Amino acid sequence: MKEGKPRLLLGNEACVEGAIAAGLKFFAGYPITPSTEIAELCASYLPRVGGKFMQMEDEIASMAAICGASLAGRKSMTATSGPGFSLKQENIGFAVEAEIPCVVVDVQRVGPSTGMPTSAAQGDVMQARWGTHGDHEIVALAPSSVLEAYTLTVAAFNIAEELRTPVILLMDEMVGHLREKVVLPSKSELLVKDRAKPDLPPGQYKPYADYGDPAKVAPLAAFGDGYKYHVTGLTHGEDGFPTNNPELGARQIKRINDKITSRKKDLPQAEELFTDDAEVFVFSYGGTARSAKKAVRDARAKGLKAGLIRPVTIWPFIEEPLLKAKAKKPKAVIVPEMNLGQIILPVKRVMGDACPVVGVNKLGGRYIEPDEILDAIKEAIQSGSAS
Amino acid sequence: MKEGKPRLLLGNEACVEGAIAAGLKFFAGYPITPSTEIAELCASYLPRVGGKFMQMEDEIASMAAICGASLAGRKSMTATSGPGFSLKQENIGFAVEAEIPCVVVDVQRVGPSTGMPTSAAQGDVMQARWGTHGDHEIVALAPSSVLEAYTLTVAAFNIAEELRTPVILLMDEMVGHLREKVVLPSKSELLVKDRAKPDLPPGQYKPYADYGDPAKVAPLAAFGDGYKYHVTGLTHGEDGFPTNNPELGARQIKRINDKITSRKKDLPQAEELFTDDAEVFVFSYGGTARSAKKAVRDARAKGLKAGLIRPVTIWPFIEEPLLKAKAKKPKAVIVPEMNLGQIILPVKRVMGDACPVVGVNKLGGRYIEPDEILDAIKEAIQSGSAS
Amino acid sequence: MRKEFRLAGAGGQGLITAAIILAAAAAEHTEYNAVQSQSYGPESRGGSSKADVIISTDEIDYPEIKSPEILLVMTQEACDKFVPGVRPGGMVIVDDTYVKDVPPIDAKVIKYSISAKAKELGREIVANIVALGLLVGLTGIVPEEAALQSVLARVPKGTEELNKTAFLAGIQAAKEVNS
Amino acid sequence: MRKEFRLAGAGGQGLITAAIILAAAAAEHTEYNAVQSQSYGPESRGGSSKADVIISTDEIDYPEIKSPEILLVMTQEACDKFVPGVRPGGMVIVDDTYVKDVPPIDAKVIKYSISAKAKELGREIVANIVALGLLVGLTGIVPEEAALQSVLARVPKGTEELNKTAFLAGIQAAKEVNS
Amino acid sequence: MALPLEKYLRVGKLPHIWCPGCGHGIVTQAIIRAIDESGIDAEKTVVVSGIGCSSRAPGYMNFDTLHTTHGRAIPFATGIKMANPELDVVVITGDGDAAAIGGNHLIHAARRNIGLTVICFNNNIYGMTSGQYSPLTPTGSYASTAPYGMIERPFDLCELVKGAGGSFVARSTAYHTRHLTNVIKDALKYDGFSFVDALSQCPTYFGRRNKLRTPLDMLNWMKDHAVPGASWDKMTPEEKEGKFPIGVLVNKPSKELTKVYDELLAKTAEGGRG
Amino acid sequence: MALPLEKYLRVGKLPHIWCPGCGHGIVTQAIIRAIDESGIDAEKTVVVSGIGCSSRAPGYMNFDTLHTTHGRAIPFATGIKMANPELDVVVITGDGDAAAIGGNHLIHAARRNIGLTVICFNNNIYGMTSGQYSPLTPTGSYASTAPYGMIERPFDLCELVKGAGGSFVARSTAYHTRHLTNVIKDALKYDGFSFVDALSQCPTYFGRRNKLRTPLDMLNWMKDHAVPGASWDKMTPEEKEGKFPIGVLVNKPSKELTKVYDELLAKTAEGGRG
Amino acid sequence: MSDSPFEIAVNRKWCKKCGLCIAFCPKDVLESDGEGGPVVKAPSQCIGCLLCEMHCPDFAIIVRRRAEQ
Amino acid sequence: MSDSPFEIAVNRKWCKKCGLCIAFCPKDVLESDGEGGPVVKAPSQCIGCLLCEMHCPDFAIIVRRRAEQ
């Protein structure tokens, strides 16, 4: 694919190209609007690069298949939307527990249930974090542009491979179905990470080694490499075999969580705009952040001191930019979301009693318009001044 | 069943007896530790009261079947544990969207994934709230005792029928597998609510009527009653037929959420113990609340001013008891959980910067011991005094 | 510079393709930024179709169009629905093969029998490309050559000749209606 | 009053049933509160088995037992594992059919060939009920009659006679070992 | 007899969303006609579907109707039938809905012999999501996710249901409208689980891509490849190649599940084992 | 030849968790023996399972082993095989795992003819969760969730897989250990999807409740009810009643999926349609 | 106007002009309106076979025996 | 000790005393230890048929041709 040249790309297509650039070799999926183009383009592109596409019987099987393929040494991905994302949850939990690198794309649409299949929403944000049972951390990245659909897909693979964990690419219909001019990074600009391979002989290899340092993750041998190791969704010890020892079990669960939280600083950080002197912060992600950016620019044009914090890594929740904002004693934090208020919950938690945290929420598939956010900025500055 | 007499009952058994007392007529499930006794006892008891038990091919089908049975006019329930709870999520969302009364029991065990099937945990608390895709509210109740496994199951049915919504009974292995002395309420003491039936003729019946008042919920005709109405998981209008109108869609999603949040005060409220003059609050639910209660009693015995807030309704999150506590400027709120910290998140949000909110967390299937909570109380009082 | 286009008609008329080609011409052959989006029906079949394009020298944050400057309508339904929203002083391009009444509007209204022309060229299916030629010819938003390259790169193999003819017919038509 | 019991042995020895009957006797036939719990293995098959009972005049908040006052062990493995945890001054009841060594402990140790006795009565499967009788006889925690009622209410139909005999044999044994 | 439209259709919801020439309308009409001719009580009839173009049919049908989640129509319907065995429960599903994501429910319902009539609008493709291959897409055909041709083998849905123990199995097509109607009538009459594989055409996503340019071409393909069940049994494997049998292919009596359950209830009321 | 224990078993993990007399150990041994006798490369063999007593087998087997989620072993295995067709992928599953929750994956794998060898440890019951009925529990048998006797009809797993298009289908039992070993060997050799219904006994939860008091009783029941496939075909329906055929029941060549995919890859590398 | 006992009603609001009714009529009663929809050309030839009606995917053509009305 | 070419090894740590080996031995080589586990009673009778080994669910009885060792 012609690198370096400007192209008009669909968000979903950029995701596929990013995946292939990152080394995707196996895609398993089940069609669902508005993610279907990802499957279709994988079906078309993957065989050309020696990769394989497989349409499974459902989303559960798709998630299972990519886990299997990943264990056999291939970079793997699946893509879906709300209903399918719900179905994948059990096996996402398996990937977390068994520490299997893979990428799961969720192109959000209006829910709950079948909802409005072709309309945009950001209603799966909390599900991405909490959808599977039991204690687990997850990495979720939210692209705001077609270019990011590409770059964050690459990042998702890199994180998955480095941390041996499923990574969620939390798109929304707005980005997935947008065509936009992009200049993709060239091969040489692109950082692609591959999973570490064990350097110990088979007898000594511990697929779930606990190095005491959660940031250090055990390498992953591929099935067929001669390691003859065991993988299970049961709580297990360093050798991968099930344990009923509560201490061992607790340690394993903790380690899997800590490996993610301990690496927050290595994950894609928030984009900040005009935050230095801002009195009102807009905290916005994904497609909606485009409106937020425009609103903040419009506010500045009117002399209003608004700033934008656009988290790129949605989970684990990275608190720093908000803590910095909190230190500035802002008049308000505004959180526009195409949902009833999801990311606003951790924002409120972090902001504590420092200032009002105001949601601008919209349902039913309509985008939040820049003016709606601008109005909220104005109001916050006014009422903040009044008080 | 001999009412009024003391009995030794298993938590899971009390749940079944409560369900039958509340009018359960159809149970569909798929066995999974530690919920299996619920299915087994339904298989045994239901036919004796003219009800039916059905073991489905999986949890997805079980959730679907109880929705179907409920629409056909029978009170319905399913029971599961983590992995099955993950699988049920898509159809739980359907029940939310189509407003189908039903009860879903989740007897929590250690996750993620297969985890430790026979060990206790409280790791599905956030999943109960956010497990299905799209914006939705949910009602979840957490019993702390075998008696509550009975009374809250009855309450769950009543709420489900009144609000036309799935209700989660969020048990944990500790309660589900505990045998305890109980005196069940007699039939006459028991408040059993049945769903409202339409009083309008078929042509005028609106199964999803919007009365402007979210607390008012449309009655539900049974299939076969002659109403010939339509039910869908697509976003729909008052007549139940799909709509693509964003305003209508938004209103419907909002109404379904508001019907639950607007009724918070009618849901089972928190148990409070020694909260009047407490300096340190322990916020604890489910099986762990038993340890918390003992710890608070032990603290009082030592002259430490500890108080207990035991939320019974877990979702929607009821803030009042915490706000009351916040007003008292406490030294700390302690949140013991058999997980990495889940309900502590909304507790932190509500407490803001008022005081430290401290988790006492334990993984690997071991119960949190009263002394561990007592230590946290002591520490909070000491460091609170020091500062 | 920032121009907002809306192409509206029935599913099957190929307006989404036309919009993509327009946006691609700008994105891939000019210095402009471009975004293209569309509304999907309840499902992707039947019914009406609407595609938007924004072409701008600046970064395009918000990709939705409220009132397009240039509107192309190829069914009466689309005309009735979208003409009122056109920016005052803008332009409405009407396929009068199907559109009979255009509501009064503060905009330049250009009528041309786009679909009829396409039929005349051999297959009505290329009406979208005739329309694109017309639009490019009328607005000069992208160089004709760039647009034609985009057309050829995005139409099915084997139909290049027909589509080129259609595009040039549109360009030609622009000259006619403008004169 | 608060008494904590632990019954431990192998899966299949019926100790969970014995614990349930003990707790039920207290719960259903006395004023006491009672809880019963057990640890499950990785699966409910094979391996070891452990059941706890707390009987108390007060509300029982925390249902787990740290150091039982009265321990019944019916395998060597269970003996080795649980004897060290017995509360000082407590009681250990040992089925010396299978348990050969009891670690030194500050507790009253009662040995009786429970399983052998059960076999003698006809089926070793009622060893749990013999043990129960012994335990009730030794501790007097619940009236013998109450315990017997509980036994009869919870054993499989058709086995009432055998179980009654087993229970009474246990009661009798208690008198013997105590004397 | 002309179709009594107003009685069975929600005419206010028409025209439907299906594409011009889509077979789903033809099959829907056959179902309505079969219901009408078989005289079952419309007030006691429930129509349940999953998700797909096909599954939109109940929205247009004037009964109690339930449009569920993708693949799950059968277990929803199972709950309805168990809760109220008086109801006639008809399931409308697609080849993707029934055989891809919903395959397990299909075989289990067949095994259990629960009294549902399941009609699969089988167009060999996922219509609703724009033409991906389904487990019924013939090997070698093109689909949006099979740009190089389908490499998997398809199911024979009737064989699948038979293999699962199904005791009423039939097939017909949108070409054979009268035959289709009769077969559905037989299915409705069958007391137990009945399955009809109703071949339908998707001109938009299957036809166009696979050189069947018009709906008529697709119906004619059905005509040319269908063989009445009786003749089928006499054909050699070579003759069968590329063809498929239509008609009632399996029809053997077996007690329906809710009837068996009723017996169980009668027994337990008297205090049986347990 | 005596079993080369150390080569194929993780002896450090033994004794296993299975109950005394459980058939799963017998079937596991047959698999190991078949692997040994067929000479496939242990380093290139992956054993995958779901959840259940049966699915614990891979934990004791010295290969790359994967213990997945309940019912999902086959799609996990599918991913492995697609990713690296060089590997011999064996799936160990139970009747609940394969035919209840996992039924859909089973039939789709059979349809696709993906090169897996699936061995179902079929003990007619859910062992792991303490004896609930499964889709293989015979009508009338007792289980913890069938206290009044099972009212549903069971699957015939071999018929199911055949109905799904499976081209290698076989059955044997824990009684017929040599036969079982040979059948598994044939399955391993088959180039495509192969399925073995391996009857196993659960004395703890099936036997006790159903008047088969000892493991030996259960094995003898297998002996008495199994009929070699060849004789089976000659029996009348009356004679077949209550019996079941054993042996390789279906075995026809059909190109394995990853081989077909390889051809596709060769084609697209040259720039095919798409 | 016609001596056939059948009356053919076309609902143009529902008709999607697929042409199937025309193609299936064994008596050439129907002809295309130029866009694929039916025009009743030879009503008298209609034998009431219902092939048009039953093949209409849109419930848009209904053939009634005059007595039926 | 024995003139059979086969040697029978019982692993008592793994044996669960199900008795199947004893029941399947066609030559009465094995007898019960009282609890169901095997005692090699008549080693010389062993014909190496492996029926005991192959029916052992616990990999606990292994029959080796002496030469094999």
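Read from first to last, the chains carry the letters A, B, C, D, E, F, G and H; within each, the first residue is number 1.
One rule holds for everything that comes next: contacts are C-beta pairs under 8 Å (C-beta built on N, C-alpha and C of every residue); 3 or more make two chains touch, one makes a residue touch a chain.
Only a predicted model underlies this, so the values are computations on that prediction, with no experimental measurement involved.
With steps allowed only between chains in touch, the distance from chain D over to chain E comes to 2. Fewest steps needed to get from chain A to chain E, stepping only to touching chains, is 1. Of the two chain pairs considered here, E-F and F-H, the higher C-beta contact count falls to E-F.
Centre-to-centre, using mean CA coordinates, chain C is 60 Å away from chain F. Centre-to-centre separation of chain D and chain G, using mean CA positions: 86 Å.
Annotation: 36 Å between the Cα-based centres of chain A and chain C. Within chain H, no positions touching two or more other chains are listed. Along chain A, residues 33, 44, 47, 57-58, 60, 83, 90, 94, 113-114, 116-117, 119, 232-234, 242, 244 each make contact with two or more other chains. Residue positions 41-44 of chain D are each in touch with at least two other chains.
Residues 20, 23-24, 26-28, 32-44, 60-64, 66 of chain C are the ones that touch chain A when the two sit in their complex. Contact residues on chain A toward chain C in their complex (touch as defined above): 5-8, 33-34, 116-119, 174, 177-181, 290-291, 293-294, 297, 367, 369-370. Considering their complex, residues 1-3, 5, 9, 14-16, 18-26, 29-30, 33, 174, 177-178, 181, 214-216, 219 of chain E touch chain G. Against chain B, the residues of chain E that register as touching in their complex are 13, 42-44, 46, 48, 51, 58-59, 62-69, 72, 74-84, 86-87, 104-105, 108, 261, 264-265, 268-269, 271, 274. The touching residues of chain A, when paired with chain F in their complex, are 25-26, 28, 44, 47-48, 50, 52, 54, 56-58, 60-62, 64-74, 76, 90-91, 94, 222-224, 226-234, 241-242.
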